[in-house]
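Input: a single structure, listed below in structure tokens.
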Amino acid sequence: MEYFEIFIAGVFINNILLAQFLGNCPFLGTSKKMETAVGMAMAVIFVLVMAGMITWIVDTYLLKALDVEYLRTVSFILVIASLVQFVEMFLKKSIPGLYAGLGIFLPLITTNCAVMGACLLNISNEYSFLGALVSSFSYAVGFGLALILFAGVRERINLARVPKPLQDTSIALVTAGVIALTFMSFKGMV
Amino acid sequence: MIPALLFMLGIGAVCGIVLSLSSKVFYVYEDPRIAQVENNLAAANCGGCGYAGCSSAAEAVVNGLAPPSVCVISSKEGVEEVAKIMGVDAGAAESLFSYNMCEGGNRADNKYHYMGISSCKAMALVFGGKRVCGVGCIGLGDCVKACQFDALKLGANGYPVVDDDKCVGCGACQQACPKDIIVVKTLSEQLMKFNQAQDALAPCAQTCPAEINIPRYINQLREGKYKEAVQTIRMRNPLPLACGRVCPHPCEDECRRGIEDEAVSINQLKRFVADYEMNSGSRIPIKCAPDTGKKVAVIGGGPAGLSCAFFLRRIGHQVDIFEAMPKLGGIIRYGIPEYRLPKKVLDWEIQGILDLGIKDFCNVRFGVDFGLGSLMASGYEAVFLGVGAWEDYSLGIEGEDLDGCFKGIDFLQRFSSGEKIKLGKTAAVVGGGNSAIDCVRTLLRLGLEKVYIVYRRTRNEMPANEVEIVASEEEGVEFVFLAAPTKVIGDENGKATQLEYLKMELGEPDASGRRRPVPIEGSETLLDVEMVISAIGQSPDASFKEQDPHKRMTELELTRWNTIDNDPAILQASIPYIFTGGDSATGPALVVDAIGSGRRAARSIDLFLKGEPVEPVKDSLQQKRIPESIFTKVDGIKKTARAKMPEIPVDQRLDSMIEVDLVLPEDAAHKEAERCLNCCRICYNPDIDFPIAKAN
Amino acid sequence: MAQSLAKEFTKGLWAEIPPFRLVLGLCPVLAVTKTVENGLGMGIATTFVLVFSNLLVSLLRNVIPSKVRIACYIVIIATFVTIVELVMQAYTYPLFLKLGIFIPLIVVNCIVLGRAEAFASKNSPVMSVADGMGIGIGFTLSLAALGAVREILGAGTITIWGGNSVFDMATSFPGFNPFTFMVEAPGAFVALGLMLAIMNLIGEK
Amino acid sequence: MREMMSMIIVLTVLTAVSGGLLASVKSGTEDRIEQQIFKFQLAPAMNDIFGKVSNDPAKEKFEIEHEGIKYKFFPAKLEDGSKAVAFQTKGKGGYGGDVGLMVGIDLDSDQIVAARVTTHSETPGLGARAKDDPEFVSQFEEKTMDANLALKGQGGSIDAMSGATITSQAVTLAAIQAQDLYKKLKPEILKQIK
């Protein structure tokens, strides 16, 4: 039940894009087309779960054990960046089919604050390993959900007549605001 | 301090080792330029460009899907650096430009009253737009809205106008347009575009064998943009001066104005702008794509070869032309008499083509002076064979080799080359085509007293251009119709004195639709002439096939008409690196046919050189008509007379080879251009409805 | 030299001002601009990181092998981010608490990495510092501006350093009711979107 | 191979330098950070809880480890001469993470002197009231260690802040944890204070 709560909170209440403001650059960048949005969502789920696990291990068995928690930022980002680069190279060579669908989004994730942010949140919430796993997954699902919803809306907006100054990014941001508003109603659910 | 140092040392070492090892273990070959380009993108992997990270963006740049300026945070130097890397491959480095097909003209009616949002895309979803014209511009300016660079405006008439200086070729407009009106293409792509079934094409542009965008240049002429008009023509035809004089303009047969009124005099307008350039004293610069480093040999410097060389050069290939005659031009130099196409004009035009950086080697005959083997050894990667059709058919009658008997093209060519030919006082020219007319009109100018045309059918069936027939009538040629020569009778010195022919009558129509002439038994008649010239058609001279010692040559297949066999859609011959077009592939045809096939061959050669499959253009029209664009009636036309071609009076022109047809004066050309209906160019009413149309 | 230095510096202030012209580094922009103070603090922290990481990347640009360059840049940036984190903790603790997780996340701010890669790795240290400074100040100004708009509308005040209210809507406009929406997540998106539109409108003219 | 070596060496050296640099910055700022944490987080809360004290709790603080977590205890001598101790617990489940609660307990009567919210990142205007609104936390005053400090809705004795049930619940969770901790650690606390 606890894990279920973590999951629901991660997907809806603390939605990483719309409530925590993490990962907004790719949110705007990759939401222009549904196809890209879906690929991006999948890639984030994939990477975030892996990064969540590995950073939890680094934090618990290295940082805390050595009492060097102030090195968290440096070590996390280095580990995440290396992990992503490694996975990218691995997929490219070993599973080209998966690489074509998902792998190409990986570099986009290196500097995605959603991944780094979620890992840091896991630590500051003092989750257990399993808790960290579930919450990473739920943040990623939340990211994907918001991204895909947003891409759908944006494809429609492309058909609408938007006043010139508001076009493109501007209207996208306002739209994101409205979607964020709907997500606010999840507050208090858990 | 120590644990921190050790921890960071360890983690750095682990990451370094993992990354460096996996970069070896999981090494996958990719285009080295991708890495180079990526090194010059911002590497923030922010996704701002819409691609999934910098490496995808780099890949897109290398594959030509994204411009070097794709990165939204890259510095100017970065963009230049990327452009430089891509510059290695000229094909991809070629700058892209938007180009709109639909620009100005008459409006199409509304099918329905549209009240939706002001977006082309939205309107197109409702029955393909509210205009009756299903292919044209909708005009709500989705492309203008899509352009980030302010390079597009809705022009005064409500259609999009591209500012080439601002356009970066990003393709946003093309994606926004639901009608394929606005396309982003490199110069090469624009040059190699062929008419397709879904294009917005006026009937004339569908009919023109060279596929010139006729309404576009007429419109440019009307606006006084003569240079632009010439450039439009040169996108499809490297010989506007020659064509403007000799083209039988099949385009005019399909002119919509011709349904209710007289057709627009398209060819005279072409001649007007082409002459304008020549007389202006300076040449309009012709843009070429960056060099590709590939070499192509063009054999035969006639219209097909010149056209093929011109377009290959413009898309960046190195081209050398090999010509058997002393000068380039082929049939338009040696087959078309001076009074129709002055040599001075032709020289000027050909020089313009050579100025693009094409080398010409004259007086070298394929199969004798050089062959396939020597071409391959010199590093040519493809060959265009455009040797023309120079072998006159013979009549196959008795006495054909008597003194005073000639063959049409041979006669014209010898005369053009300056050979002194012993002439008689009277002559009969057998045949009804343009060559026959050229012969009789030349003979008249040489001072013959009586010149006959002997043709086995009637005037209606003559394949020669109507204007030519009329001109020869005016100049006093006598026509002997329904006459089939049977014998040339000579005197004791072997000199021709008489031509014997059988009278004919017309029977049932044959395969070509012309009524077949049937001889009338016992109707032999004698015509007193000192010269007999047979001009009944030609076939290619394929003697090079036997003369060339290269083994591969035996693989070259010929048809039973001695033409070089090819796939008509791609013009590839039976030897894959040989392409062919013009008369040598089709038998005698129009100059403009040869020009069109030269360009088509250039496209195939380009694909061949790039290692891509040489496939036909999809949905290619190749002079088929788009049925919905061919009308049977056109409303609202006020009849206005077609411009009359100025010409030198008959009494002044027969003493010399002076050019007979003159160019239209400027005001007449404008008046004629006004007669153009601008078919298939603009399909909405720009005055009303939407603010975006009003604002711009 | 002096001219191009000035150019590199000033381009960040209008021509390439993030996040308006370069729609980048949005996460902190949206998350921490509930008040002017937060915006300024975040902006200054980011500027510090930008300037020093630009400097170091520029100094090391010929040493770093290209295959691990991203990793190296990240380490350099992360080091300065941690220094900022520690210094803020020591000297401006309340601000540190408010900015919270977004301080470490400066590491993944696309602007910082983007400048390192796009500019500093190709230019001299002096130029890189000027570039970092310009972009950083532009970023700070935008954050403060957005913070001001959100704070005035959302809370009715402008507060700078130490909780002193320098402006209060309630006194200037009696009856003003704070529009809490603006300090919430959706308000951040909408406010930024509308400000972007205003920038476009000005830029058009 | 040389390329690989240079990749490894550059990255390793760089991270090591970074580690060394950060370690020295950390040791340089460590004391000050501690002071700041006390000054901005704990001192105001403690002031509110105890009023005037005759000793310096910050100097006399001690740590007790319980179930792997170190808790800091701040002993205080109150004006009336009685001894008390203050410590911080965390209540899980607020919107933005945990709510910190500083609880002061009288060592003689085992009653809560007062409680204050120390850290939170809740929605401004609603949950944030827990920190600014003395009424809600004043409910904990004089509660014994056996009192049920859960919300009234859950059978306890505390009224939730209207519109901020989740935050209220997080605060009560922290208070209950404090009760629990105090009961278990009282002997050790007394030993440390002497």
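A, B, C and D are the chain letters, set down in written order, and residue numbers restart from 1 in every chain.
Keep in mind that, in the parts below, a residue touches a chain if its C-beta (ideal position, glycine included) is under 8 Å from a C-beta of that chain, and two chains touch if they have at least 3 such contacts.
None of these values were measured; they are calculated from a predicted model.
Under the contact definition, chain C and chain D share the contacting chains A, B.
Chain centres here are means of the Cα atoms, and by that rule the chain farthest away from chain D is B. The pair with more inter-chain C-beta contacts, choosing from A-D and A-B, is A-B.
If each chain is reduced to the centroid of its CA atoms, chain A and chain D end up 31 Å from each other. Mean C-alpha positions place chain B and chain C at a centre distance of 58 Å.
Chain B and chain D have Cα centroids lying 84 Å from one another. Looking at chain A, one finds that residues 25, 28, 68, 70-71, 74, 78, 81-82, 85, 110-112, 121, 124, 164, 167 touch two or more other chains.
Among all residues of chain D, those that touch two or more other chains are 3, 7, 10-11, 14-15, 18-19, 22-23, 26, 123.
For chain B, residues touching at least two other chains, in rising order: 4, 6-8, 11-12, 15-16, 19-20, 23, 44-46, 48. On chain C, the positions that touch chain D within their shared complex are 34, 63-65, 67-68, 71-72, 75-76, 78-79, 82-83, 86-87, 89-91, 93-94, 97, 100, 155, 180, 183-184. Against chain B, in their complex, chain C makes its touches with residues 22-24, 66-71, 75, 110-111, 113-115, 117-119, 122. Chain C meets chain A in the complex at residues 23-28, 30-31, 70-71, 74-75, 78-79, 81-82, 85-86, 101, 104-105, 107-110, 113, 181, 184-190, 192-194, 196-198, 200-201, 204.
Remark: chain D residues 15, 18-19, 22-23, 26, 95, 97-98, 123, 165-166 touch chain A in the complex. Chain D makes touch with chain C in their complex at residues 3, 6-7, 10-11, 14-15, 18, 21-22, 25-26, 29, 32-33, 36-37, 39-41, 119, 121, 123-125.
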